[in-house]
Each structure stands twice: as C-alpha cells, then as structure tokens.
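In the two complexes below, chain A is the common chain; its partner is chain B in one and chain C in the other.
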Partner chain A sequence: MAVEIPKEKWTSAVREVTLGATSDEGGTRSHTITVGGETALPFLHFEGETPNRPILALDVRSHKPEDWSPLLRQTWGKAMEDPATWAQAAEEAGADMIYLVLSLTTTDGEPNTPENARAVVRKVLEATGLPLAVVGPGQAEVDNELIVAVAEEAVGERLLLGLCEEKNYRTIVAAALAHNHLVQSKTPMDVNLSKQLVILINDMGMPLERIVMDPTTGALGYGIEYGFSVMERLRLAALQGDKMTQQPMIVNPGEEAWRVKEAKVGEGVPENWGEWERRALDWEALTATTLVHSGADILVLRHPETLRRVRAVIDDLIGPKSAA
Partner chain B sequence: MTNHQVRLQPSNIIVEVPTGTLISEVIHLAGIDISQPCGGQGRCGRCAVILDDESGVRRRSTIRLSAEDLEDGYALACQTVIEGDVTISIPEQERIERRLVTDKSARKVELPFAYDPVTMQSVQAFQIHLSPPTMQDNIDDLSRLQKALADRGYSPIDIPLNVLRRLGTVFRDAKWSPWIVIETPTPPPGPARLIDISVEPIRPIGLALDIGTTTVTAYMVDLTTGQVLNSAAEYNDQINRGEDVISRIIYAEKKDLNELGVLVRQTIDTLLERLKLRTGIPPQGIHKVTVSGNTTMIHLFLGLPPASIRLTPYIPAANDPQSYLAAELALGVNPHASVYCLPGVASYVGADISAGVLACGLADSEVLTLFIDVGTNGETVLGTREWMVTCACSAGPAFEGAGVVDGMRATEGAIEEVWIHSETYEPTIRVIGGAKPRGICGSGLISLLSELFVTGVVDRAGNVKLDLDTPRVRQGEHGPEYIVAWSDETETERDIVLTKVDVNNLMRAKAAIYAGFTVLAESVGVELNDAKQVLVGGAFGQYINVENAIKIGLLPDLPWDRFHFLGNTSVLGSYMALLSHDAFEHTREIAQRMTYIELSADNTFYDAFTAALFLPHTEISRFPSVADIWDQEKRD
Partner chain C sequence: MALSGLEIYKLLPQTNCKDCDYPTCLAFAMKLAAKQASLSDCPHVSEEAKAKLEAASAPPITLVEIKAEGGEVKVGNETVVFRHEKTFYHKPGLFWRLRDTEDLEELKRKVADADAYHVDYVGIDLYLDGFAIEAVSGDPETFKNAISAILSISKKPLILIASTSDIAKAGLEGSDGSRPLLYAADGENWETMVEVAKQGDVPLAVRADTLDELADLTQKIKAAGVEEMVLDPGVHHYLDSLQQLTTLRRLALKKTFRPLGYPIITFPGANEEVDETLLAAEHITKYGGLIVLEEFNPASLYALLVLRQNIYTDPQKPIQVQPGVYEINSPDENSPLMVTTNFSITYFSIANEVDGSGWPGWLLVTDAEGMSVLTAWAAGKFDAERIAKDAKTFNVEEKVSHRKLIIPGHVAVLSGELEEEMPGWEIMVGPREAVDINSYLKAMWTK
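And now, the complex of A and B:
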C-alpha cells in the first residue's frame, strides 16, 4: 500500500536578498550572493524550494581581538594582525562572506576613528572579492560615527551594515539608504520585536529587499532552544504571508559559542568534559548546525574547521533535493 | 481650466478660483484667518466650515467629522476642494471649539434607577415624638426610646454607648421630639441600630467611595432623595509607597501595613474636608459608607495582610468581606456608620470590577459587550447576560497622569488635548480652565502620543526622533523628549515635556490593556470585532477621545458609535450599592458569575503584550483606520 506523505501548503516565501555588488552593479565584488527565497520549512524539499543555500561568513576584526580564545588565535596566527590578510585567509578557508567587526579601539589602545574605519574597509575590499558585512563595535554613538563613514567610503558595494537596534537604527539606515547598502536588524529573541524593527527600518524608506534580520540566539546549552523556537515562529509567519517576517535571517553562532565556558576554558574543568579543542569546535559546530535547521540564512562563524564541518552538513541537507 | 465663484460668509467676500483649489486656500486668498493647528492634515477638525450645497465641492477626507456633521453640511477646509460655484460659511472659532468639546464634557451624575428610600434604603432619619416623663410615667430615657421605636417596628434595637451618653441631654433639649438616624439590618433578621440622635433635623447622608491604586473618588449622597450632593477625587496618598498594587503589597509585607491604612484614610479625610467645604455637611454627618476598589486596596483599607495576593496561587484573605463600623476602621465619618465593602472576584479582579459591571449594565446585556476599566490595573470583562469572562493586567498609573514627568490629574491647568503641525512640529494645546498649563492629564497624554505618532515625531516604537529639524525635540535630562510648552508659557515657569520614559510608560499601559482584551476574546473564541458595544470606564473614562485612543492602539479599531464612555464605573457601582441593598446583592451575584482568566498562566499574554507595544500595534491590519492615516502621512 502506498503511503501518502502529508504535505503542508504554504502561500508565501522568504524574501530574496542579494549581498554585494559587482562592477556592473556599481561595486567591486567578484560576485554577489543571494540568500532567502525558501518556500517551505528548512530542507523539507518535498514541500517547497530552498533556492539559495545557507551561507557561511567568517568573523574578521579590524584589530586583533585580545579577548578571543587562544585556540582561535593559534589557528588564525599572524593573519589576525591585519584585517586584509585575515579576510584573505578567511576566503581561502572557504568563507562565502566576510563579517568585518570594527573594534572599539585600535591595537595600540586608541579609540577607533572614522578615518581608520574607512581605511580598514578599503583594504579589506581590495583584499577579497567576497561580499562584505561591516558592523560597529556595539556602542551606539561609536557605531553611528564609524558606519556612516564606512557607508560613504564603500558607496555602491551593497555592504550589509549594522547593527541596527530598536534604540539605535536611524543613523545607520539613513547612511545605508544614501549609499546603496543593506542593513542588519538585531533584536533580542522575540518574534514581535524582530518584526517591529523591520517595520521601523522599512518606515524610513529602506526597501525590504535590503534588510537581513538577526533574531539573536544563544549557544548550545545557553538558550539555543529559545532562539530556535523564535526563528521557527518567524519562519512559519513568513511562509503564512506575514510580510514583515519574511526577511532572511542572520545569526552569530561563532560569537555565542566562543563566549561560553565549554568552549573558552581549557583548564579547571571536569576531566570528563574531554579534550579542549575538540570540545570547543564541537560547541561552535553544534550550535551552528542547530541554527541551520532553524532556518538561518547567514551564519557567522569564527573557526575555519567549524566552517568546513558545517558546510558538509549543509551539503548533505541540500543534497537530497535531486533524490526527491 | 474652469474658474468657480466661491462666496464666503459671514463676510460676504467672493473669490474666484480654479477647480481643485482647497477651501483653506480660498479662505486664505480672501484674507481670512482660520485655525489649522494640525497644519492642514485633516486631523484636528478646527477648520470645519459649513457648505450650502454639496455639489460644488469634493471631500478628500472626512475624518474628524461625524455622520451628523456631514448631514449638517460641515466640511474640513483643508480636505475639501472646489469643483463648482458654492457658498461657504465660516463659523466662529468658539463655536467649533464648543462643538469639539461637547462629547467630552463631564456629565452630571444622575440617579441610576428610580429611587425609593423607604423600600431600598437601610438608613432612615426621622423625628420621633416621645411623651415627656412624669411622676406617673417614670421609665428611664432608654426604655422610653426603645418603647417608641418598638411601636414603629424597630425592635430589638442596638444603641451604642456614646449615643446613650447623649440621650438625656438631646431628649430634653429637643423637648422630647429628637431626630434620629436608624439603620435596619441588611439582610434581616438582626437588630436595627441607632446611629445618631440630634436636636436639629438630620438628613441621612451616605458616602460612596472608590479606592483606586492611584486615585480615590468620593460621592456624597443624600439618602432621602438619592441625589449626589457633591463629588471629589484625589491621588491616593499611598502612591509614594509604590505606584502599583504589587509594590504596595511588598511595602505592607516588608515595612508597614498599618501605615498604608493611615495614608488612605488621610486621603479620604482630605476628600471629606473638601466635600464639607462645598456642601456644609461635616464628616460626622455621614451615616453610611460603601467602598469599592481592587482587592489589594480593600485589603489595605481593612488592614488585612495582602501578602498572599502576590504569591501563587494568588489567594486573597477575603473577596467578600462583611460590613464594619466606621469606628473600627478609624474612618473619619460618624463612628456608628456601617461601612460596606463591595465583593470582588479574585486577587486581581476586585470589587471595582463587580461594581463596574453593575454600573455599566453588562450583566444584563443581550449583546456581546466589552467592558474596560482603564486604571492602574486594566481590567476587562467580556460577555453578555449569559456569561462573563474577566482578566486583569498591570497597566501602571500613566493614564491617570502619574508616573509621567509632567503628568497631572484632569483639573485646572491640565493640557487635555494637543494638535501637532505636520511640518513645523509646533503644538497647539487646549488647557482645562483655559489658563496657563501646569501639566498634562490622561486624555492630553493620549492625544499627545497620538499626534507625535501621526506626525512622525516618534517612530512606531515610541522613540523620539532627535534628527528632526525643530527645537521641540531635544536630548533632555531623562533622555530624548518633546517640548509641549516652553517655560514662558507655563504656570510653573518650567518647560512641559514628554520624555522617552513617559512614552514608554504610556506604551506599556496601552499595550497591557489592549493585550488583555485580545487574550480574553481569544480565550472564548470570539473576534473583538463582534463586540457590539465597548463600555469604557476609569478615572478619565468620560474625557477620553476615542479617535486618539484608537490611533495609539489603546482601544480596538471599531466604529466609534460602539464606544460608550461611562467615567468612573467603580464609584458608580459603589453609589448604586449605597442606594439599594438589592443592588449591593447584585454585585455579589455578578462577582460569582464571572469567570476569571489568569494571564500569567502561559505565554499568550506576554506575546500579545509585546505585539501591542508598538504604534498602534505590530499587526497594523488590526487597525485599518489608522493604517489609512499612516499611509497618507508617509506619502505626504
């Protein structure tokens, strides 16, 4: 007897967003990347399409981060001394995109400046042909000052600029609008808040085709199930036709995983936690693959080995398409 | 292009203009000034004119005009264009102002039902004629009174000691025809009680109280006619010990339960003093008291420890306390007056709601009715005469003008309505009493928030846009703020502002209330739109502007004629219970019939709350009338 597989019929789709611009399009990227476009829940190929695979970005800093795990510093080595070299190394490691975070201070402890931010972004753009995201250090006033300069410097590149938060989005959105970039909206793990910020940004005149939303997540064991559920609900709303939830989602499992004890600490933990490096990589990879399943379209990672592993998982998930 | 002749009255000026000219432009061309506080956006209704003939014009928008207005030929000068010859009358500004305020003027409190003091009222006052004692008729004063009262059916009768102490003197001074006040037992049987005796004629007087978390309201009532002699309201002196019921409970638990009782009695004393000034009736002349209020307020008033209200499973000491003597409660009225507390439903749906449901008539309604009590706690009741569900959410005191930097009660000097110009962001304000403003009251805050939203001074999350080109927005001491009145225009000689924190408080208040009734409707599977009437009670209930309240998402987007503003329904219910024992019993029955929905049981309320924490709501499709205005503003 033939078994009928029940299928969900969705009326809508995730919006497609294209990152980066080639020389034909007013930028200097070697190619662009489109994310989103799903017409079903993640990887349910029998119910709908996943036209664009989730992409993996690597986290690159404008200045060497002293607080990063020794495991990461060991892996990236000297490349971390220079953002252009680091971005090149990231491209070689297989990144689809560079996620450049401007630091609060320069390596010699001076406050970061708009001039410096411009120079860093210019160098990184020259060093790699990948699409680029540029976000500030996370302090409203500094973010605004640096990102406005970056937007102007990289006019037309369709950078993903951030972070837009409910309390501070107007300056960054205005800069992105004026210089043809995209924005990353970030809200603290809540369906309504995610949606509200997209509305606020859209109300300023930013087309929905230029907004990627970051619903925020937690690391494995640190609230990931809550983050998963928020992303799942956003995706369900999107597929049901709720326009303001149809943005592709970006999440940062690298940042989340590397700040928890299980990844960060090598000594003074129970022996049965196992070998440090393996545990740390597992933590980042498991966090990331869980988020791939929850519908993430862009994942920001820190370790090249994690990137390799997560890519293999995505390949497998995308693979059955031909078999179906 | 065709030109048309427009005749303007009463000045009788004729202006010739092409098709499509706005009436406001015609008026301007004629050199006449008309007020346009909203900058010609069709929102304020101040530029209304009267047309002699509809055929010469086309209306672009009729918001702010009622069906009746349209019938009378009213049109908004800024929203109506000329398409033919027409005569237009420009009314005097005063007339327009009056027209705008009629729907908001405080109504006189009327008798809620035909009142018969003999059958309904437990407290009676009358003169009694005793036969003077003689050597032959030598029974004592007390027995003489008891005998006379027994003849009138009052037997047995309780006579308090300090009335007994005055008996002899009063009888003799009154030449054996004293006035007495008696309360018959409710419900019988039980002894009647002598409350007071006097040489002078006594009118029996009652006091209906509503003890709100933020505001205490009192009606002084003539128990013979049933009429309200006067009313007064004042902020609850407990506010400094916490703005909401939870912080009051914690204060009572950790610090001083007794102090909170003292504070509320102090507020009541202030009201009694004010009522005495206005009516000449001293507090001791009050013979009966009914008290409504939320469960926590009743607990604090009675001195009951409220701790268990706050903790799961949220059990109050008493939902339906009995009556007590004023003396026991140290209440500053006649010490022998009975004090009746109205029955509540649960820890967070108190006597104020039973009273409100009684007063608004929901319990007898044939149609689906939504009743909202807008106060520090936003309680909602949904139902018909067949069934009622209720819930409560903590809205905070913002709509009562508390917890807002320049908030105040709706009294003289309060800004009660605001219009903001769409291009200059300059406000036009209306102040109660017409004097210099001192602050902003609840309706003013709703109006202000609505205008800030529609003109785009704040974004839909309520953030003040500091990048606007106007001195009216600035980074203030408490964060970004909008200046409603400059210091040289105010009574206090300080700027009157609305800060980001104030906006947040207002947003939370309106979101909590709206979320409450969406959850309630979902819990019984009805659509909010199916509600045939929406009854709005609360301290400011009778002044609120429905259009503004819908714009900010406080009230559901329903046709305006479904809304009825009833004012303070809690004190109204208290008043009804004061007049009639049957009414009091009815509140008890109402309290028992309501099904209480606990909002903290799951995430539904929180989700509805965060969705409502946006202007007007995250789902703008719930507010189609606001979506239209918003789209229009964005296009402009």
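And now, the complex of A and C:
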C-alpha cells in the first residue's frame, strides 16, 4: 500500500538576516552568516526549504564571571581572564558566532565604562573573524551607555546588539540604526509581545532584515515547555504569513541551563541526579536541542562540549541536500 | 475522526421514539457528537450502525497498555500535533534494554539498581518505566530464565524482544501474570507472532523499513485479530526520526489513517554513532511512544524524565501546590518565616533548599495562580496586598512569635509596601536564588 505523506502548504517564509560584514561590506569579519529563510517547520525538508542551518554561538564575557559553574571555569581556564583570548578559544571550539556580554563591573569590581566596552569589543573583533553579538549587562541605563559606545566603535560591522526589551529599546535601536548594526529584541515568552516589540522597533526605521527576535526560554525543568510552545506558535504564525513573527529566533539555553541547580551544584544533591558533569552537560544540551526542534535559528551556549554535541544533531537534521 | 451530529443522525433509526430520553433522534445525535451521551441509551440502534459508530469514534491513535504487578504504561490516544493545541496526554514509556545472554546474577544486579531508581521533581516521583529483555541467545529456555530473573527483582512492565514465535511464546510463559509488549512482528514472522500475541492477549509491536510495508502489515495483523499494536518504523538518526514520526502523527490525526494509527516504539541507542540521550530527547518531544534505552545512566535519565514531564504538562494549567503554610524540619515559634508562590517549581526550589539546609522554617505559600515569583509579580498576582491577605488567611501570626517575614530577593521592591500592608512586621529581603538561603539564614537570622 502506498502511503501518502501529508504535507502542509505554507504560504510564507522566515525572513533571512545576515550577521557580520566583511571588508567589502564595510566591516572586518572574515565571513558573514545568514540565518532564517525557512519555508517549512524545522527540518521537514519534504515540505519546504531550510536554506540556512541554525547557528551556535558561545557566550563570552568582558570580564571573568565569578559566579559561573566551576565546570565552566575549569573548561575555559585562563582564557576567561581575557575576552579576546576567550573569543579565540570559542572560535577554536567551533563557535559560529561570539556572543559577547559586557559585564556590569570589571574584574576589580569597578563599574564597567563605555571606554572599557569599546576597548573590549575592539580586542575581540581583532581576535576573531566571526560575526559578533554584543549585549549589555541587563540594567537599562548601563546597557544603553555601553551599547551606544560599542555601536559607534564597531561602525559597519553589523553586530547583533541587545538587549532590546519593551521598556528599553529606543536607545539601542537608534545606535544600531546609525552605525549599521542589527538588534536582538527580547520579550517574555509571549507571542503577542514578541510581535509588538518587532513592530515598535521596525517603526523606528529599523529594517526587518536587521532584527532577530528572542522569545525567551526557560531551562529544562524550569519552564522550557513555555518557551518551546511559544516558539512553535511563532514559527507557525510566520509560515502562515503573519509578517511580524517572521524574524529568525535567538535563544539562550546556555545561560538558562547553567543557572539551575542541576547544572551548578555538584554536592549535597540527591544521588540519583547522577554524575555532576554529565548531568550539567545533558542539562544544557537537552535544553538546546529541544529548542532546535521548536525553531531556534541562533542558540547561545556556554560549554564547548555542548556545542560539539548540538552541532552533530544539527548536521544530521539539516540533511545532505542543504548541507552541501 | 469523530463524526458530526448529522453524520451520527443518519445512522440512528430516526423514529423519534424518545426511549433515550431525548426528544428526537437528532437531539440525541448531537449529544453523542458532544460526547455527553452514550450510544447504549438508544435501545433501537442496529448492529451495523453500532459497529460503524464505534469504529468512527475509536481514537485515531490506538491506546496500548503494558502492565505488570508494579505498574502500567499507557501510550497512544494522542489528539494533537502541537502541545499548545490542547495537551499531550500519555507520556512515552522509558525502558532499559537488557539481554538474556547476560549472567543471571549480573542481570539481577542491574535490574535491582534500575528498579530502585527514583527522583523527585517538584513533588512528582519519576522513575524508569520498565525493562526490555532481548532473546539474544536464540534459546527459549534461556530467555524464559532471564525473564524470571528480572521478575524476581522488579515488578515493572516488560517488553519482550524475540524474533521467532517459539521464543516469544517462552517469553510469555516466563512473564505470566503480567502484560508485556511483544516485539516484534515483521514481514516474515507475523503470522505466527500474531498467534502468540492473541493467545497471551498482549500488544504486538510491528516492524518494517518503510511506512508502506508497515501499513500493509498492520492491516494484515488487525484482520488476523490483534487490535493493540505498536509501530517500529526503524528510525536511527535525528532527521529520519523527526520526519517519520511527524509523518506518522499527522497521518493518524489529520488523515485518520487507521493502518498507522498506533503509538511508536524507538531505540535511540541502536546506532552507535548517535548520541542516545539527545535522540531520546527528540523522541520525547516529537512523538515517541515507547523509548528503549541502551544505557542506564542516572544523570541522563533524570534529564530525560524531566523533559518528558515538561513536554507533557498541560499548557493550560501549570503544576501547582496548595496555598497554605508549610512546615519544614518541625519549626517552632522562633523559626524563620518565608513567603513564596504556589508554582510547583518555585515552591520546591525553596522548600527543598530549606529542608536540605536543616533549618526549621515556615513557608507561606500564597495563591499566585501557579506562577513563578517574577511572573506572578509581573502579572500582579504576588503583590503586597495578596501576601498580606494570605498571611492573614493562613494565620501566620499564630505560628510564630516574632514578626519577621523573609521575601524572595527577586521581589525586593515589595518590601516597603508590605511593611505598610502588614503593620508591626519587619520585612526582610532574602537572597535571589534559593540555593543561597542557607548562607543567608546563617548570616541574618537571630532568634
């Protein structure tokens, strides 16, 4: 009996967004990366195209984060002392992109400054040819001050700048507009809020080809199901033609997974939680691959081993045709 | 899929005799369509119509039950492709694959370890569902002995992996008293396997390399009298799994394609080049029914069980605990009083931490409609007014003699307002993360 494979007919596509700029394009990146462009649900190649594979970024901090899990600190070791060395190590570990987070304070505990942020970004740009995202520490005033300086310093590089949130996006969007960068719009796990913020940013004159949306996710065990379903709904809406949901999606499973007890804590936990390192790595990898299935186009990770594992999954999912 | 009221009406006697206690056959048909009446209430419906109605109302993915003394696994009967459309109902069963060629004592030791495996996730007991035992020996007696060995240790449901009906039969004898899944019928052996499955009244897994062959086989097997089947489409990678399993789910739900309307069994560790944990995770999110693991590793199993719990949570109602005042480590009137929300994940994060630290404490759990601290705060369900109200409702004043309330660090902004709402109380801002509660109490709590 010949079974007919049911295929959905989608009318629209996810928008393509290109990160980074080479010297021809006014930047210094060795190559650019394009994400998005899907015309089908994730990896259902029989009903549409996935022209670009999901990309994997590694989280690099401007200053060594003291509160990161010892497992991460062991892995990155001395590289964490210097963002340029760290970025290089991340590139060697196979990252497609560097996700640089500017810390609130310098390693000496002094507040981070625009001058320092410029210097850090300059160094990282020189250390690696990969496209770069730069986001602030997550406090509106500091974020704005630092990101405006970074936008100017790296003019033309098509950095992905963030975080643009509902309460604080104007300054960053304006800076990105003025200096030819892209922005990351972030909203708390809600389809309508995602849409709204894209509209607001677009209304400021930012072309949709320069917006990546972050629907926010939770770690495995800590709300991943909400993020998963919101992403599935956003992707379905995008394919059905809802224009303002058609941005590629970025999520940060690394940050979420490494924040939870299962990943962070090695002692004083139930025996059946199993071996710490394996548990922590599984926590990050499962959070990440689950989101690959809900349509993530960019995933920010923290551990090189997770990157390797998730990469292998994506290589297979993308299939022989598109991989060529 | 389900018939409309009008379609059902056409199958009824259309005499409006009212014996069903409805004024007309149409009214009754409408009730049936809405699943608010039962067909047995009409004494006049013909056998033929009955058969048609029953067939049409059968779930598009057959429910399959595997049982043993110590538990059961039900899979199938799913109704949606995406969890947000309603919910996923029957969590995929996780099984560990063992082989009958193993030394029996070693086998028992493995089973004992895995059988004892339990983890608590937000108050939910998570464990391995059962064992799959494979007749690698090719010898009926060896197979039977291995099964007896397992059953002497564990009462969990079994999957019997046997390639011939002789071995399958021996397996069923060995597992008498339980209801295992028999794996598997294929193009060669199906006729004899069907006999064994029928005799034992057990569900039968069906294996084929293509969906076409699979559909042919299930139809033959169904005609031969086996209703409960499980499909093995033979997937080994991430992409073929995703595409095949998605296709199967869609065929069953969108096309009501009965020949493939059964739950699916997978072996994510069968291919050594694949990361078993990550492929099993994919099978959990994307339509696996029974997942047979090659490796039993507590860390990975914990992650998989939590993922399964998350994906199969009803999106309409977050898992919650009852609001109230909870006692941890037998507190007295001098013990610290803390407040949190009734979202299970939140409650257990802080409750487990206080419990583990050894501090006696009171935990006021407010009715925040099952939301986390910050979500509830942002939604106006965890504000000063509500906390003060619940403190009153649950009589915290009578539990403690001091007047100090510790709030989560994430909602430090509430402290001023709370002091106004709760006159005479000192509001203390706790740490942001539950993990830090022990060091916080050590530093800040004086009796």
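Here, the second predicted complex is superposed on the first by the 319 of 324 C-alpha atoms of A that agree within 3 Å, B and C clash if a C-alpha of one lies under 4 Å from a C-alpha of the other, contacts with A are read in each partner's own complex, and residues count from 1 in each chain.
Everything that follows uses one rule, which is that a residue touches a chain if its C-beta (ideal position, glycine included) is under 8 Å from a C-beta of that chain, and two chains touch if they have at least 3 such contacts.
The shown structure was predicted, so the numbers you read here are calculated from the model rather than taken from an experiment.
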Fit or clash - chain C, chain B, common chain A: fit
First (chain B), second (chain C), both or neither touched by A:H63: neither
First (chain B), second (chain C), both or neither touched by A:R309: second
Greater residue coverage of chain A in the superposed arrangement, chain B or chain C: C
First, second, both or neither for A:R15, with chain B first and chain C second: neither
Touching partner for A:L200 - first (chain B), second (chain C), both, neither: first
Partner chain in contact with A:D190 - chain B first, chain C second, else both or neither: first
Touching partner for A:F43 - first (chain B), second (chain C), both, neither: second
Closest approach of chain C to chain B (Cα atoms, Å): 7
Doubly contacted chain A residues - partners chain C and chain B: none
In the complex with chain A, residue positions of chain B that touch it: 459-461, 463, 465, 467, 607, 610-611, 613-614, 618, 634
Chain A - residues contacting chain B, complex: 166-167, 170-171, 174, 190-193, 195-197, 199-200, 203, 244
Complex interface listing, chain C residues touching chain A: 82-84, 117-121, 211-212, 215-216, 219, 237-239, 242-243, 246-247, 250-251, 254-255, 257, 259-260, 275, 277-278, 281-282, 285-286, 297-304, 306-307, 309-311, 313, 315, 345, 349, 356, 372, 375, 378, 434-435
Chain C-facing residues of chain A, complex: 1-6, 42-46, 188, 220-226, 228-229, 232-233, 236, 261-262, 264-265, 268, 270-276, 278-279, 282-283, 285-286, 289-290, 293, 309-310, 312-313, 316-319
